[in-house]
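After this come two complexes, each holding subunit A, first together with subunit B and then together with subunit C.
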Partner chain A sequence: MGHTIRQIFRSGKFVVGFTILMSVLLVLVVYPWWVPDPPLQILGQGTFFPPGIYVSAYDASNAPVLYTLNLRDAADKRIESRLSQEDRLAMQEWLVADGLPESAIDLADTDALLALWEEHYEPDRRLPGMTFARMRYYQRVDAGLDSLRSAGGGEILAARNPETGELEETGMVKLTDYANISQVANVRILPLGTDNFGRDVLTQLVAATGVSLLIGFVAGLIATAIGLTLGLLAGYIGGWVDDIIMFFTNLFTVIPTFVLLILISFSIGQDQRGAITIAVVIGFTSWVWTTRSVRSQVFSLRNRDHVNLSKLSGHSLPRIIVADILPYIASYVVMALILQISSGILAEAGLSILGLGPRTTEVPTLGLMMNWAMIYQAHVLGNWWAYLPVLLTIALISFSMNLMNTGLDQVFNPALRD
Partner chain B sequence: MKGRFTGLIVLLLIASMALAACGGGSAPAEEAVATEAPAEEAAAGEAAAEEAAAEEAPVEEAPAEEAAGEEAAGEEAAGEEVADANALPRNETLYFNGQQWGPVVGWNPYSGSNNNGMAISQSDNARVTMFETPYLYNMLDGQQYPLLAEGAWSWNEEMTEITFKLKAAAKWSDGTPVTAEDVAYTWATHVKYETPTGAGNKDYIDTIEAVDAQTVVVKAKLDENGKAVNPLIVAAYLSTNYVIQKAWTEALEARSGGDATQLLADTAEDVVYSGPYTRFFADDTKVVLVRDDNYWGQDSSMWGKLPTAKYLAHTIFKDNAAGTTALQAGEVDVSQQFNSNVQDLWLKQDLPISTYLPEAPYGIGASLPTAFFNLKSPGLDQLAVRKAIAIAVDYPTIIANAMTNQSATFDQVPRSLMNPTAGEQAMYDQAAVADLQWAGNDLEGAKKLLDDAGIVDSDGDGWREYDGKKLSYVATCPNGWSDWQAAIEVVAAAGKEIGIDITTNYPEWSVYQTVVTKSDAPLPEGYDIFMMWSDGAGPTQPWGRVRKMLSSEFVGMASNWNGNWGQYSNPQADELIAAIPSETDPAKLKEIYTELVKIYLTDVPSFTLMYRPQSFHTVNESVWTNFPYDGDGTVPPVPPLNLTDGWSIAGLYNVTLVQ
Partner chain C sequence: MATDKKLCLSGRGVTKVFGIGRQKLTAVDHVDFDFHEGEIISIVGESGSGKTTLAKMLLGLISSSEGEIYFQGQKRDIRSGRKRQEYWKNIQAIFQDPFSAYNTFHKIDTVLLDCIRMRGGKHLPQARKVELMEEACGFVNLKYAELTHKYPFELSGGQMQRLMIARIFLLKPKILVADEPTSMIDACSRATILDYLMKLRDETGMTLIFITHDIGLAYYVSDTVYIMERGRFVEHGSADSVILRPREPYTRRLISDVPKIHEPWDLSTVVFA
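So, the complex of A and B:
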């Protein structure tokens, strides 16, 4: 046994696959210590907040110490964030249409541009040929300029006096004031933003990976157990037992598994579909290939000398199967199990994308995350963080498992051994 | 070898998603995101199966293009037509989305199951592209404007009869004039064959008679006191239901042999119409209407000109995502579907797309999607439990996340039975009910309410019990109705916060609708809290909506498509609802409405989750411009109803090509 394991770990492919999978598992264990929030908690009021560091604006302006930094390009950056080059060109377009010569407009001189704009722009005027959407665009640009115009030395903070109801000045945030992020009371890092429910995508992704691995594992175990049992019986006993088992196996071979899966999931109904139910359904529909392979292997084993010797010695059927046959196909079964787990995860994802996955409130799964991202059109609106990390996770897990499988194959299969 | 097929399918799905993400135009394989389907449209889906797609005789007086396509009967003609419909000149065609899901079943204005979103919808804001109503309702000012009719209608002294005149210029597509006899015969046919229109109005309208060729009298059904049973519904009939030609109706009756089922199932390919557009092409990929250049409405007594676009076309999209993709690409001009995060289309993607209002909620809320309590579920018969759930729900999150801010918030428009339009908001005394209105997120209040009612967690499992039984409910809405599903998730989350176990479940619409609309028996398990819609804007509102939310007349109905699905019953409310239609004193009306809002907010038989526009209205100005927007200066204002419904059709005469 020890020797076999040493041998396995000499296979580079297996080690790489194994390392990836273990890293994923490690993240699953460690991450909840870092972010203990429940994965389905709704944090954001609004959909698809982009990835980034979210700093409480209130806490930042009320930080214990505000530092003064005189940065040379601060003013330019501030203006740029409100007035892009594109906006300037659009403003020029308006001014030219209003009858100003193009030479009179200096796009680089912000103050001059704003002065001209102030003089000529009328929010409710539609220039000839201008669409309504364009008119609203100008209104938005104009509204954005307000903050540039008002930015004298900074913004005055005020609070309402509870007695008089009047606003009273409480302080001022100057243009040169900076808060150190480590001193801001509330900072939340959302490395993968939020989804359509306003949930933290990364937290959800970690939990979903765990659930999906569990689904894959349960489905794989069930499929392998059924496949192994039927394969052993059919292969070793033969005769009419073989005929019956192979009849059903062939029947299931010709029905595409995924279609079967869809039909069963649909007929179970959404209220009954928990994560484990889905796993069981996947397991019960994907045992066919294991049965066939195990059967053919057992066929070639059952007439070996040591098996005949056991028979002559009067050993019972279960004992012969367990002691004389199983060890010879164990390596194959382990490999089959790994592939079954990987395809179980894929099957869940496939089902959930079609809206036939587990019901949504209890646990997240990788497939459900993609399903909701698609329903809320994340792919149409370019909100990649809601589905791309999920795709990559699925790809990574299947990749690692297939790599492990190939590595094992090289170790155990004499034909492939170096 | 194992599971290779499964793997392949999943990989394909993933690949298609990735492709779509890269901006590909192909529609990704995903679940349909249905919008609210009115009853008749849902029923139409079933009828579609029976429908034979055979092309019949060409429409009489069809424009040249259409006749050319159809004259050669049979499949060749169909082939030719496809070529035409696919090569519509872009600058003469106005494209829609969100109105038509699945193929058209028929063109029969008597039937309720045509699934014909571009041509037929007889409702408060009737679709008047092909068939016309005497009056057009305008949801923005609540007025009915004459279309086929000449001038305003009027009640007689006793308020039992409405008289109106028809325009002399009004003509059918075959050139004959629209007469009072047509109006009268349409009603007689509705009653005789028990069409949905007939069944819905015969308790309120007695007869419709032609006094002379131009003058119509609508006589209301009278109650035992000699007063009209419901004057509101009688008046609403004039802007809700089409006038259909008598001669054509007689031909239809003759060929269906007087059999009601056959008459309603007739696809009416030869129907005579009075509207500005008619059928040009329809299959399972698109529907196209073409302008009738002989349309009577170009007479100076109506519009004075023809509508601008020669064709109205609607590609049949698989789902909302496909529709949004087409809108982005400029292949759709007017969008009537829920585009999530619609502001991204102009803010992030810089597309020439806009909505009626520049900021959230982007449209004008008209209906109140509402969660109903099954009042027979154990525990939900307790006011404390109902109210606790209702005040604990995080409504701002529902509006921001599920509706992506396309709804007014309950801070902006406090809850009542009224929609957010100014007209309805003025119908009740806001100050009188202010202390009853809740804005949600009140977890402490909800817990206190339950504690005070003695509904506490006595066995320490984290969930409260009532009568020794754990409070455990299922909240539900139809599968695939994404904004509703997301809203229901938020309701469930609120339950968990206050010790009430709420799980969610999403049955298919086909199952859901039959269960929820069966009001003659208690609702089954799994329907403790469920979502349905309310009436939108219309001439009978807010009375119609209030009635459908509260009236006990729907309890016991075998097929209840009206409302009060939680089977609430309150004689006092019934009395107040019955008093409204014949009440003409505005002050008294306001008093009654205020009282009803009070009852509603006190008893909490249901709770509104969001406001929803009558129809979503997003336009792309790549080809066409001058669509209606808030403050566009039109008089009367053109409502954002996609240029096809009620007075919004006026917008079709205003659009112009982008220069």
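So, the complex of A and C:
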């Protein structure tokens, strides 16, 4: 046993796969210490906030100390960040309509663009074919630029007096005022932004990975247990036992498993479908190929001399199956289990995408996250953070498990040993 | 020939058919035989002639398609697991390939302890069990102290086959089926194995059914010889009568195939098939 394990860990592929899987598990354990929020808590008002560090604007302007930094390019950066590409194109359009050649305008050079704008723009002029709304838009852009340039001193902070209802000055934020981020009371890092409900995607992803792994594990264990038991009985006893078991196995082989899974899930009903229920359903529909392959393995084993010797030594049937057959297919069964876990995770994702996964109110799963992202059109809106990390996680888990399997295959299959 | 002795194992019309339809293969085809107590019987034939299939039917490891096997004059009944276990107390086997005959997950101790348990020694004190195992290993010139806690695959082929004989020594069955016990062993160990087998047979007086493709070996060990060709017994009788006065061309061919070291090879008789 110890020897076998040492051999397994000498296989590079297995070690890589195992390390990936263990890292995923480590993250599952460690992450909740760092962010203890419940995964389905709604943080954001609005959908799909992009990934980033969110600093409370209120706390930043009211930080205990504001530092004065005179940075040379601060003003330019400010204007650049306010002036979107859309605005720049609109400005170019105006200038071209005003008679400037298009080649003379460099959109990337903010200073030059602003100089040209200053020179040519007249707020009250209506170019031929321009709608009133478009005119108002140009006025807004221009007013925005003016206020950015004229706010030399900064902006006044004001609060409404509860008694008089008048605005009263409470402070002043100058353009050169800076808050140290470590002194800002509320900063929230959302490494993967928020989803359509305004929930932290990363926290959700970590919880979902755990639940999906659990579903895969339970489904894999059930499928392997059923498949192994039936395969051993059919293969070893043979005769009418084999006939009956193979009758049901063939029946299940002919019915597409996924269709069966959909029908069962659907008939259970959304309210009854917990994560474990789904796992059990997946387990009970995916034992077929384990049965078939275990049976054929046992078939080739049952007439081996060591089994005959065990019979001649007066061992009972259960004992022969457990002691003389099972150890010889154990490596195969472990490999089948790993594959079953991996395909259980994929089956859950498939079911959930169709809206037949676990109920949505308790725990997230990888499939449910994909489902939500799909329903709220994250892929159309370009909100990659809502689905891409989920896809990568599924791929990573599947990949690591298949890699472990290939490694095990190399150790146990003499024909593949190098 | 020991015709006055009691019948130990006999068969009438014993047949084994594998597969169905076009794939049908008759491995053993209506064979009759009478094996007497204390005899050494050789069943000789080429590869694929059905020797091993017959041996497995005698052992009750596979069922026969047709015909009856009689054990000690009674129709053999091994339909239930309990009856089979009772039958296997009387008949044991040594297999051809020692390398595949042991469960590689079990230590050698387990193999020998199984035999003690089968002889009803399950509740013997540990010291007595060890004593029995030492005696059995000593019989085939193995050292128990060196074998204990070892796995079968750590032994050589010859040692494994000797251990198999030690197993029979512990079990003391009435009948032993030895299915080509020396064919996978190197020539030097071969004689040793045969010697231990004969010594064991002499001590216990058991019936020995010796299955081989080597008619020379059969002549060397046996009282009675059965010649098997394509699932049928074509000739049988005392070793002397069959080998010195063969009636069948098949038997003559088997005899001529035995290499004679002291004579130069006559290449004209060698058939390159």
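Following the convention adopted for this analysis, the second predicted complex is superposed on the first by the 355 of 418 C-alpha atoms of A that agree within 3 Å, B and C clash if a C-alpha of one lies under 4 Å from a C-alpha of the other, contacts with A are read in each partner's own complex, and residues count from 1 in each chain.
Note that a residue touches a chain if its C-beta (ideal position, glycine included) is under 8 Å from a C-beta of that chain, and two chains touch if they have at least 3 such contacts.
Note that the structure is predicted; figures quoted are calculated from it, not measured.
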item	value
Subunit A as common anchor, with subunit B and subunit C clashing or fitting	fit
Subunit B versus subunit C as contact partner of A:His306, first or second or both or neither	second
First, second, both or neither for A:Ser316, with subunit B first and subunit C second	second
Greater residue coverage of subunit A in the superposed arrangement, subunit B or subunit C	B
Which superposed partner A:Pro327 touches (first subunit B, second subunit C, both, neither)	second
Subunit B, subunit C and vertex subunit A (Cα centres) - angle in steps of 10°	120
Partner chain(s) touched by A:Gly99 [first = subunit B, second = subunit C, both, neither]	neither
Minimum C-alpha spacing, chains overlaid - subunit B and subunit C, in Å	28
Residue numbers on subunit A that touch subunit B, as the complex places them	42, 44-48, 128-129, 131-134, 136-137, 139-140, 196-198, 223, 256-258, 261, 269-271, 286, 288-290, 293, 336, 339-340, 343, 346-347, 349-350, 353-355, 359-362, 370-371, 374-377, 379-382, 384, 387-388, 391, 394, 398
Complex interface listing, subunit B residues touching subunit A	1-3, 5-7, 9-11, 13-14, 17-18, 20-21, 28-31, 33, 320-321, 324-325, 328, 339-341, 344, 346-349, 351-354, 358, 394, 396-397, 400-401, 404-405, 474, 479-480, 482, 485-486, 489-490, 492-493, 503-507, 526, 619, 621, 625-627, 629, 658-659
Touching residues on subunit A, where the partner in the complex is subunit C	304-306, 308-317, 323-324, 327-328
Touching residues (chain side subunit C, partner subunit A) in the complex	56, 59, 61, 81, 84-85, 88-89, 92-93, 95-97, 100-106, 111, 114-115, 117-118
